[in-house]
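You will see chain A twice below: alongside chain B first, and alongside chain C after that.
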Partner chain A sequence: MLNYILSRILTFIPTFVGVTLISFGFIRVLPGDPIIVMAGERGMSDARYAELSAQYGFDQPLYKQFWDYLTGVVQGDLGNSFVTKRPVWDEFFALFPATLELSICAMLFALALGLPAGVIAAVNRGKFFDRALMSTALIGYSMPIFWWALLLIIVFSGNLQWTPVSGRIDLLYYFPDPTGFMLIDSLASGQSGAFKSAVRHLILPTIVLGTIPLAVIARQTRSAMLEVLGEDYIRTARAKGLSTGRINGIHALRNALIPVITVIGLSVGTLLAGAILTETIFSWPGIGKWMVDSIFRRDYPVVQGGLLLIAVMVMVVNLTVDMLYGVINPKIRKR
Partner chain B sequence: MSLLRIRNLSVDFATASGKFRAVDQVDQDVDTGEILAIVGESGSGKSVSMLAMMGLLPWTATVTADEMTFDGHNLLTMNTKARRKIVGNDLAMIFQEPMSSLNPCFPVGWQIKESLRVHLGLNRKQRHARAIELFEQVGIPDPERRLSAFPHQMSGGMNQRVMIAMAIACKPKLLIADEPTTALDVTIQAQILDLLASLRDETGMGLVLITHDMGVVAETAERVSVQYAGQKIEEQRVVPLFDEPHHPYTNALLDALPERATEKRLPTIPGVVPGQFDRPAGCLFSPRCKFADAKCKAESPAPQSDALGRARCFYPLNTDQRQAS
Partner chain C sequence: MTDTSAETSTRPGRLSEFWFYFRENRGAVIGLWIFAAFAFVALFGPWIAPHDPTAQYREFALLPPFWQEGGNSSYLLGTDPLGRDMLSRLIVGARYSFFVGIVVVSIAASGGIILGLLSGFAPKWLDTIIMRIMDIILAFPSLLLALVLVAILGPSLTNAMIAIAIVLQPHYVRLTRASVLAERQKDYVTSARVAGASKARLMFITVLPNCLAPIIVQAALSFSTAILDAAALGFLGMGAQPPTPEWGTMLAEAREFILRAWWVVTFPGIAILVTVLAINLMGDGLRDALDPKLKRS
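Let's look at the complex of A and B:
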């Protein structure tokens, strides 16, 4: 097992270098000069420009700049933000809990609805519920996120006034945030209404971000269940006189979970990509919004470091998922 | 009254190419403590008839029967919920492939204890004690440790023992064993058959042994029902069946036994069991029967008398008129 983990971590290295290179190149391909952006509307003298250029190393050839960046990264130094002057690490981990909280809620939402929906669709294969569900899932899957978000905002925030439109909590609440998770911190603060406010702020972003994973999970669960339901051990379970719920929900679902977990792992990347859009729409102060803002500000270190950290997260999640297989189906552990 | 009584059971499958009759007007009786063997080549509807009785067929199957009673319960009119109380409890079944018949995601002990909880409502400690007792009963060494093993960690023979332990967990009155030894190697086959027979002796349960191996029948069964292409074509007690088979198909099956072979090569029955598309008009066995005449190919024979093993044949063998070749 340890060998396996180590060999997997070794395969991270080329990916890691690749991502570093891409993020480094990506931001430089965009038109716009970070120093000009920093100067703002007032502009700056040529002398000052040359001075700042030298300070940030932009006067060096590109390969030299990349080499300096890479050596910094390897030593754990992602540089400082051009705008706030604070280390990228610190900013990332200050904002990451907000994104994590949203992503976890979105994933739980997708699982809570997607798993049962997939199971019920498979059990009622070909009947009305199955067809209705699978068409809905297809729509959900192909829905543009921003359009879906706006629709929900218009209906639930605009017309019905049920949910707030932006932020993580009403401004009138203020409390320390030791964990960075608003749901936990608001509960810990003991202020009445704070938790409720946090939940209400979470609802729409969760739905928006969870819709695509929900569709994917429902479809994957259905097809995995259909395969498992034809297996011999399901016939055995029926021959034991077990209830349908037990057979489908325990004997079959446990086996169907393997492919489902794979798509969950794979959709972490999609989820983070979706988070960028969702956070921007709902002014959610997480790394998605932070990255978008930084791109507009041509804040090179933030964009580079942020992309790199996100990529590492995705890789770690996928490794974790691979190891989960063995826990769910011990037969896989042996290989 | 017999423990299991089936009259005129038919099963039709709705397939993409139309209706297919997999079981055709079969009668079956099993008494308490009796071992009935159902024999026939692959595709003769042995499994399907028993699965129909257990209520385990997929929804594409239509089951019809004049009578189907088990232990005083009418299986025809019973709803699913009531049937679930009997199936896995008084009426148990084991299958051909022990490896794939156990759930790979759960320890075998868990799978056995599940039955004990669902049907008998035993508590944790009682379940554990009973599971160990069952493992000892079916001859699994080191039961305490084996309970936490997963199916893939054990051999096929051990898994079949687990299946048997699971099936007899609630002391069933009738156990259906559907080719329990086909997937196992020869020495293990004999052990499993011995185990089943001795369990019958201990518990007095009825046992239905589905097989296509006449050797297994000779060693284990007391009464034999021969099926062909969905029909029951003969039924006798085991000794008279081997001595004086009445149906030409039974005769051919017996001729194919290695110990009866007179030549070097084993005689085989030419042709195959008719499937959905090549069902002959008259007697279903007529295309492969060396005695068949024009009448056999035109009309479907009704079962003969009990004395003639209810053979579905116009010209039964080993009668006064006719001796087997």
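Let's look at the complex of A and C:
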């Protein structure tokens, strides 16, 4: 087991360096000199240009620049935003809770509907429920979520006026945000209506972001359940006279969950990519919107740092899932 | 679809066997028909479209579809805020999505297959290098990496296609490599090697045809991913640029009118959804028909 963990961590290191190299190279292949971009419309004198070059280390040889960047990254220094002048690291972690809250809600939504849907479909294999659920899942899987978001806005915000269109909470509420999670902070603030407002803001983005994971989980649960339902121990359980509910719910689902857990872990990348679209449409102040805005503002340090942090996050989650999988399923370790 | 039939027909009877299993899956056949219609519209769009997709009929701006009050039967699905005919734009837009799918899948698949074959046959160090690079690409969420690549290359449909192809490539590499590693152990490969087949012959003629099944399925699935991602980039303003009638770009232009004119938002989305759904249905059918493990279950 220890060997397995060590070998996984060893492959993590070159990937990490590579990811850093890509985000480092990014700022150097962009059209336009970053320092000229920073100067903006006003332009600058040659002396000032040289001074800024030296300040940002652009006058150093490339390998030296990369080394400085890498050592900076390891110490949590990703440079400062051109626009706000604040450290990229601080900005990222100030906005990250918003994305995390939305992603957790989306995942819970996907699990709450996807697991039962997959189980019901598998148990009714080939019958009406199976076909209906799996067709719906395939539609969800094929959904352009940016369009789905617009449709939901038309129906629920436009016609029915049930939910707000953008943001995390109504502007009339103001309270400190120690955790960054609007649901927790609004409850803790004790202001009446704040929590309800936060929930209402969260509903549509959650549905939009959760749609594709929901479809994937439903499909995966169904196929995992079908596999498990064919096993001998299920036949034994049936022969013992256990109730169908107990067999499906306890014996089968528990074993079917293993591949489903992997899928959940692997959908972190999907969630973050979806967050880019969802947050842009709903003006959700998270890292997805922050990245898109920075790309349009040509705020290179932010794009560079954000790209790196997001990639490292995905890698860490994948590594954790791999290891968890090794713990749950001993067959994997031997590879 | 034509490339599938070309590959499967190299051995007699394989095409008919494939069709036998593919036909079993009703959804897949429906998907195939929709896809054929989509391909037809994509190829002949400009001749089918009732109006020029970029012509602006200013006096008819934001006209609703013909069945609604105020609709006009010469603009069947209504007009957009600039008075352009929605139906014509959707028809001509099919060609961009189709083109994106074809180009992205060709680049990603050919590059991925070559790298995967190399990786499967190469000495360990080269294999490790290739696979680590693929890991690195996979560490970035695909849409984010595509967005950043387009920011580097400049927003346009061509650059969006290049970016999406780069992002999708690692899947082909991994898939090809995995099947190559499994096939390499088999006796027919050993006998070909003993008979003196060159490395290139072993790779492309002996092993590759036997690895194609999962790659074909992946090609179908990434065709739909490419269409979705290109539309998403267009929606974010980083793909095809206005006035190109690309479906995602059309949605982006229509955003501010969502509460006043439902049709400018609804139809492009339906076009994307139906196309992607048809391809995914087809992909599911291909997988069932080509995967021998699932065939008789």
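Everything that follows uses one rule, which is that the second predicted complex is superposed on the first by the 268 of 335 C-alpha atoms of A that agree within 3 Å, B and C clash if a C-alpha of one lies under 4 Å from a C-alpha of the other, contacts with A are read in each partner's own complex, and residues count from 1 in each chain.
Note that a residue touches a chain if its C-beta (ideal position, glycine included) is under 8 Å from a C-beta of that chain, and two chains touch if they have at least 3 such contacts.
Note that the coordinates shown come from a computational prediction; the quantities given were computed from them, not determined experimentally.
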Contacts of A:L307 with chain B and chain C, given as first, second, both or neither: second
After the superposition on A, what does A:P176 contact: first (chain B), second (chain C), both or neither? neither
Of the two partner chains, chain B (first) and chain C (second), which one does A:G241 touch, if any: first, second, both, or neither? first
If we overlay the two complexes on their shared chain A, which of chain B and chain C does A:I295 touch? Say first, second, both or neither. second
In the overlaid three-chain picture, which partner chain does A:P61 touch, first (chain B) or second (chain C), both, or neither? neither
Dominant contact partner of chain A by residue count, chain C or chain B: C
Overlap of the chain B and chain C interfaces on chain A comprises residues none
Contact set on chain A toward chain C in their complex: 11, 14-15, 18-19, 22, 26, 29-31, 135, 138-139, 141-144, 146-148, 150-151, 153-154, 158, 269-270, 272-274, 276-277, 280, 291-292, 295-296, 303, 307, 310-312, 314-315, 318
Seen from chain B, its contact residues with chain A in the complex are 54, 56, 83-89, 92-93, 95, 97, 100-106, 114-115, 118-119, 150, 152, 163, 166
Footprint of chain B on chain A - complex, ascending: 231-233, 235-243, 246, 251, 254-255, 328-331, 334
Given the complex, residues on chain C that touch chain A span 27, 132-133, 135-136, 138-145, 147-148, 151-152, 154, 224, 228, 231-232, 235-238, 248, 251, 255, 258-259, 262, 265-266, 268-269, 272-273, 276-277, 280-281, 284
